[in-house]
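Take a look at these structures.
Both of the next two complexes hold chain A, though its partner changes from chain B to chain C.
Now for the complex of A and B:
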C-alpha cells in the first residue's frame, strides 16, 4: 500500500469521525424541552398488609433515586420527574385499579412488583402502548421481545435464576449432579411454580432428582414440608418464596439443622427480612442476586447528601443498602437510563410512553456508565434488544453472615444455561402468541 | 418399629403440636363468643397487635415515632440511644397486658356499648371494622417492618427426643430419630396452663361465675345485677391476654409481622369442629385439625401435588358439621317458633 492511499484512508476516517461527533452533539442539542413537561413514573407500591416489610424498602429505593435526580440534576434531560405512588397491598385487583387510575397521568412505565399484577397488565399495557418492567419477576417468556412488545424483564428472569443456581450447585459438586437430590420449596402460586419447568428440564440434562414441595399462602405453617426434607435429606434445597414463607422456611431449616450453605433461595427470598428472625440459625444461608449488596457504592453518598440529609427521603433512611432498597433503587436507575435513551432517540425531552418503550428496547449500560452513575460493579452490563427483553440473564450467589448481619457476594456474575432457558422461552412465548393470536414482530 | 410406622408417629406428634398452636388462637374467639355472642373477626389482629406492642416495649421503640418525626421534624425512634436498650421481657409482658386491658376498655366504651341489642351480624361487621382499624393503628404505632421476637423460649429440634426415639428403630436402619420442636412443646405446656387457669377462674371466682352467668343468659344475668359492660371489658381483656400468648408463640417462629393476623384463618376450622362456645372444644378441635391435616399431607399430599393443609382443614371441619352442626362440644341451640 502506498503512502498516498494511507493518507486518503486516514483523511476519510478523520472526516467521518468528526462528522459523527458533530452530528451526535447536534442530536443532543436538538432535544426539545417543553418547560411544562414532566416525566411521570407510577410506583405500584405496597406499604401496608402482610407483604409491607418487603414492599416498603423497594418503594423507598425507587422513590429516593428519582428524588436524587430531581434534586441533583433537575430531573432527566432537564425534565423534572413526577412520581405517583399507588398502594396495591400486593393485591392483583388493587394493582389493576392503580394502573387504570394512573395511566391517564402520562405514565411512562409500570413496575408492578408482583407477578400476579404483571400477568394482568400484559394485555392491557400492550394495548395502551405503555411498557411494563417486571424486573426479575412476572412472566419469564416475556423475555421474547418479538411476542411481548411492551413487557421487559431484564436484567434476569426466574428461569435464568433456576439455571444459574443449578450451575452453581454443579460447581460445588465437582461438575457432576448425577444421582443428587434437589428439593424445591415453593410458594403455591403462579410465581412459585415458575421455575419448575426449567428445573425439570435441567434434571433431565444433569441427572439429578427433583422433589417438589408446595407451600400454601401465606406460608406460616410448613411443618409437613420440613419433616419431609428431614426424612429425605436432599443434597440441596431451593426456595421460591415471598413474605412470611421465607422467614418460616429459614427458621424451620435451622430447627431441623439442615446445612444452611446447601439452602439457596431465589432473589425474592434473599433480603435481610428473611434471615433476621432466625438469628444465628440463618448463618450461611445463600441466595441468588442480580445486583450488588450493601451501600458501598458512590451513589449512596449522593443519596445521603441530596435526599436523606435534606429530609426528602421516602423513608427514614434506615433502609439504605438493604437488599430490597438496592433493588428498588436499581429499578429506578434502569428506568431513568431508559428514559434518557428515549430522549436521545426521539429528540424530545418530554417523552411519551411509546417513546419510553423504544428507549427500554435500546437500553445499553456498560460498566463505564455504571461507574458514572456511582454504581461501579453493582450489576452486570445491560444490553436490551428487540428480540431479547430479558437482558443479560446473569446472577451471582450471595451468602448471609449472621454475626455481622450482612450479605456478601461469594461468586461473580455468571450466565444461565441458554440452551435450555432460551428453548423454554421460545416454547412458552409461542404458546402465548398462538393463544392470543399475536404474530411475531420483525426485529430486522 | 418399622420406619414407616415411626414416620407416621412423627407426623402425628407434630400434628398434635401444630394443633395446640391453632388452639391458642381459637381460644380467644371462644372466650368472646361464649360471653357475648360476638364472633370477633379481629382476634387475629389482636394477636398481631399484642405481639407488636410486646416487641416495641422490649426493644425500646417509641410508639408513633414516624408520626411524631413527621409532625415535629425530629428523628426519634428509640427511647434509649442503644437500639437494644428496651425493657426486660417480664416488664414488657406486664405492660403489654395493661395495654390489652386498656384496649378492651376502649372497645367496650366506643364500640360495643353503642351496639347493645343489635343483631349479631351488626356486631360481627363492627369487629371487621375493628380489625382493619387495629391493623392500621398497629402499623402507625410500631411500624410495618419485621421484628424478631426473642423471649428466651428455647426452640429447634430436641436432641434428647431424637436420641430416645432412635433406639425404637430396628438396629440396621438409618433412622435419625423423631423430630419435635422444643418451642412447640413449650406452647403445649403454656396452652395447658392457660386452660387450667381459665377453668379455675371461671369455676372458683365471683367474676368467673358472673362470666358464666352472662354466657348462659344475658337477660337473667342482668336481672341479678351483673354489669354486662364490666363483663365485656373483662372478657375482651382475657381474650387480649390469650392473643398475646398466641402472638408470642407464632411470632417466635416467623418474627412479628403483619401476616400474623392471618393465623385467624387457621383457627376457623378449629372453631367449626370444636364448637364456638367450648374451651375444651377449642383444644380438642385444634388437635384433630392438626393431626388430620398433617396425616393427609403425609399420605395423600404427594399424590395430589402437596399443599393440601389449608383446604383439608376446612373439609375436615365441614365433614364433622354434617354429623354435629354445633361442633363437637358446642351447645345445641333449639329455637322454638
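Now for the complex of A and C:
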C-alpha cells in the first residue's frame, strides 16, 4: 500500500517534471506574438485596362489565399494578414505611386506582376530594405543573389523558359535544330525583349534561325506580323505576350491556319482567357508552365469552404482553377511560406520587411510540405539560396484542348540549359553591378 | 478689399513693366516661392515627393515648353512624348558616359540635344500649317520611339532595352538613384522650374515672344511687318523642345528612375501635355502650371479619397476616376474655353473691384 502510494507520487512527479521541462523548452522556442501585429502584403494589381483579363485572376488568387489563411488559421503564425490592393493599370507611374503609398504601411514584399514596374522597384526597394518577388518575370539576372540582394524571381526566369522551350522543340525535331526557322512574337517592352538574348545565344549553339517580330503596346494590331509568318512559314513560333496581345495573336494564328502545336507561348501567354476567344482554332496551342494546372488540389476544397462559399472571395469565384488564378494563389503560398520561415528564423511573429527578405532567401519547400499545404505535385521543390534567387528553374509544357476547354501538362518538369543561361545571368548582373557601383555580397 | 491698390504708383518704366504689376500679387508669388524653397523641403516625405510634387514640377516644365510652341507660336505639335524621350535618352547616355558630370549640366545638355532634334522636326512647319503640321509632328513621335527601341546603342545594349538611371550627384548630394533624399530631388526640380519659368515669362514678353505671337495670330501679316517666319518658327521649336527635353530628362532620371520608350514616352504622353495646356490655358505661363497640376493631381486626389478614405474597390475607383476627370475637363472647358488661367484672370478682375463693381 505504502509502496504503491510512493510509486504513484513518483510517477506524478516524473510526468509533471517531464511536462515542465518539455513545456519550458516549448516556451523558449515559441514565437513572440504582439497582439497588434499585422502582416501587410500589398497587391499591386490591375483590374482595368488592356491587361485586365490577365491581371484579375492573378489578383483574385493572391487575395483569396490570404483570406483563406486568415479565415482558417487566423493568419500566419497567429498574426493576421492585411492585404492592401492598389490599382496600377500595368502603368509604371501608377506603380510608383502605389509603391510609395503602401510602403509606409509596413509592406513585407512587393509582387507587381509587371516587368516594367519591377525594373522601377529594383533599386528603390533594395534601398528601402523591402524584398520584391517577381515570380517568373522581371529582370532575369536578378537570379544572381550576390548582386540583387532584395530581388527574387524563383521558381523560374524568362531565360529558363526560353531555354526549356528550345529544348522541347529540339526533342520534337529529333534532336537537331540545324537550319530550322523559329520566330518570336514579342511584346515590344522590357518584358518581351528579355528572352531575345538567350534565344540568340541558343541559336548560335543549335544552329536555328531566329526571326524577331515586335508587337507594340497594347497589341491589338498584329496583322503585319502574322502576314510575315504566313509568308515565311517558320517551323515554330514562340510568343512573349501579355494581356489582350495573347488573344489577338492566337486568333491571328488560327486565321492563317498556323499549326497550333508548333505555336508555343511563355507562361504568361498561357491562360484560358487567351485561348478561349479563338474557340476550336486554338486547339493544340502549347505553352510552358512552372506549376500544375486545374483545380484538382486539396487546397481548393478549403478555398471553396472558407472563402468562396462564405462570400469573401475577391472575384465571383468562377476563376478558381484557371491558370492565372493558380499562379496568383501560388505567389501567395510562396509569400506565406517565406513569412513563416522568417518567423521561425527570427523568433518574432510580427516580422519586418528585412526579416521577410531573410525568410525568402532561406525558403525551402519540399514535396512533403507542398502536400501539407494541399498542393501535392503542384510545382517543383523550391530551395532558395543566397547565391541563387532564381529557384529551380524548371518548366513543363502544357497544351490546350479546345473540346474539353482545359489545359494539361504533356511533359514532366525539366531544367534549362544552365550553361548558357547562367553565363548570361552572370554577364548581365555584372553589367548592372558595374553601372550602379554594387559590389558582390559574400554568401559564405 | 482683397487687392489694395491705392497709392501703388509706377514712377519708372522698370516698375511699370515688371512681371507682377500688382503689389499684392507680387508679394503672394514671392511668399509662395519662398515657402516652396524654405519650408516644404523640411516637411517632404517619399510619398509627397514621388507621387505629388516632383511629377507636378516635371509636367509643368513639359507644359511650359509645349505652351511656347502651341500657345504662343500657334504651331500644333503632337510630338511631345518623342521629344521627352530624346531628353531622357540624352540624359541616360550623358550620365553613363560621363559619371562625374553635375546633374544640372546633364539636364541642360539633354535640353540642348532635344532642341536640336526639335529644330529638325520643326523644318516642315515652314511649309505646312495647322492639322497637317500636327500629323507631321505625330510622325516624329512614332519615329523617335521606334528609334529608341531599335538602336541598342541608345540603351547601352541592355538585355531588356530598359534604361536605368544610375546614382548621380549635385555638389555631393545624390539627385538620382534610390538613395536620393526627397528634399534634394524636390529642390533640384524646383530650382529648374523656377528658373525656366522666369526665362519663359521674359521670353514671351520680349521681342522673340512678340514675333511668335505675331506668327500665331496671322503669319502673312507678320511676314509683311518684318517678322521672319523661318526664325520665329524655328526658334519656337528650339525653345519648346529644349523645355520638353529638360522635362524628359527629369522625368526619367529623377522621377521614374527607369524607363522604356514605348510605355513611358508613348503617344498618350503627347496628348496628356496637350490636354494640360488646353485645360490650363493656351498662351499663358500660369496656365501651364495649373494645367499640369490639374492633370497629375486630380487622379491621385480622387484615388486617395475613394480608396483610402471610403475604401471602395480599386477597379471601380480606377474607372470612376476616368469618368470624373473627363467630366471635369468638359465642365471647365464649357464654363471657360480659354482654360483655368482665364477663369483666374476673370476672378482677379472681380476681386480687384470688389466690393464696388462699378
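Throughout what follows, the second predicted complex is superposed on the first by the 415 of 444 C-alpha atoms of A that agree within 3 Å, B and C clash if a C-alpha of one lies under 4 Å from a C-alpha of the other, contacts with A are read in each partner's own complex, and residues count from 1 in each chain.
The definition used in the following text is that a contact is a pair of C-beta atoms (placed from the backbone, for glycine too) under 8 Å apart; a residue touches a chain by one contact, two chains touch by 3 or more.
Just so it is clear, the structure is predicted and the values come from calculations on it, not from any experiment.
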{"item": "Chain C versus chain B on the shared chain A, clash or fit after superposition", "value": "clash"}
{"item": "Which superposed partner A:153 touches (first chain B, second chain C, both, neither)", "value": "neither"}
{"item": "First (chain B), second (chain C), both or neither touched by A:276", "value": "first"}
{"item": "Touching partner for A:48 - first (chain B), second (chain C), both, neither", "value": "both"}
{"item": "Which of chain B and chain C A:101 touches, first, second, both or neither", "value": "second"}
{"item": "Which superposed partner A:213 touches (first chain B, second chain C, both, neither)", "value": "first"}
{"item": "Chain B versus chain C as contact partner of A:254, first or second or both or neither", "value": "first"}
{"item": "First (chain B), second (chain C), both or neither touched by A:188", "value": "both"}
{"item": "On chain A, positions contacted by chain B and by chain C", "value": "47-48, 52, 56, 188, 214, 216-217"}
{"item": "Partner chain C, residues of chain A touching it in the complex", "value": "45, 47-48, 52, 56, 85-87, 89, 91-93, 96-97, 100-101, 103-104, 115-116, 119-120, 122-124, 126-128, 139-141, 188-191, 193-194, 196-197, 214, 216-217, 424, 428, 431-432, 435-437"}
{"item": "Of chain B, residues touching chain A in the complex", "value": "7, 10-11, 14, 18, 66, 69, 73, 75, 77, 135-136, 139, 144-146, 148-150, 155-157, 176, 179, 181, 250, 253-255, 257-263, 266, 294, 297-298, 301, 305-307, 309-310"}
{"item": "In the complex with chain A, residue positions of chain C that touch it", "value": "46-47, 50-51, 55, 96, 149, 156, 158-162, 164, 166-167, 177-179, 255-260, 262-264, 266, 300, 303-304, 307-308, 313-315, 317-319"}
{"item": "Chain A - residues contacting chain B, complex", "value": "47-53, 56, 188, 212-218, 220-221, 223-225, 227, 230-231, 243-244, 247-248, 251, 254-257, 273, 276-277, 279, 281, 311, 316"}
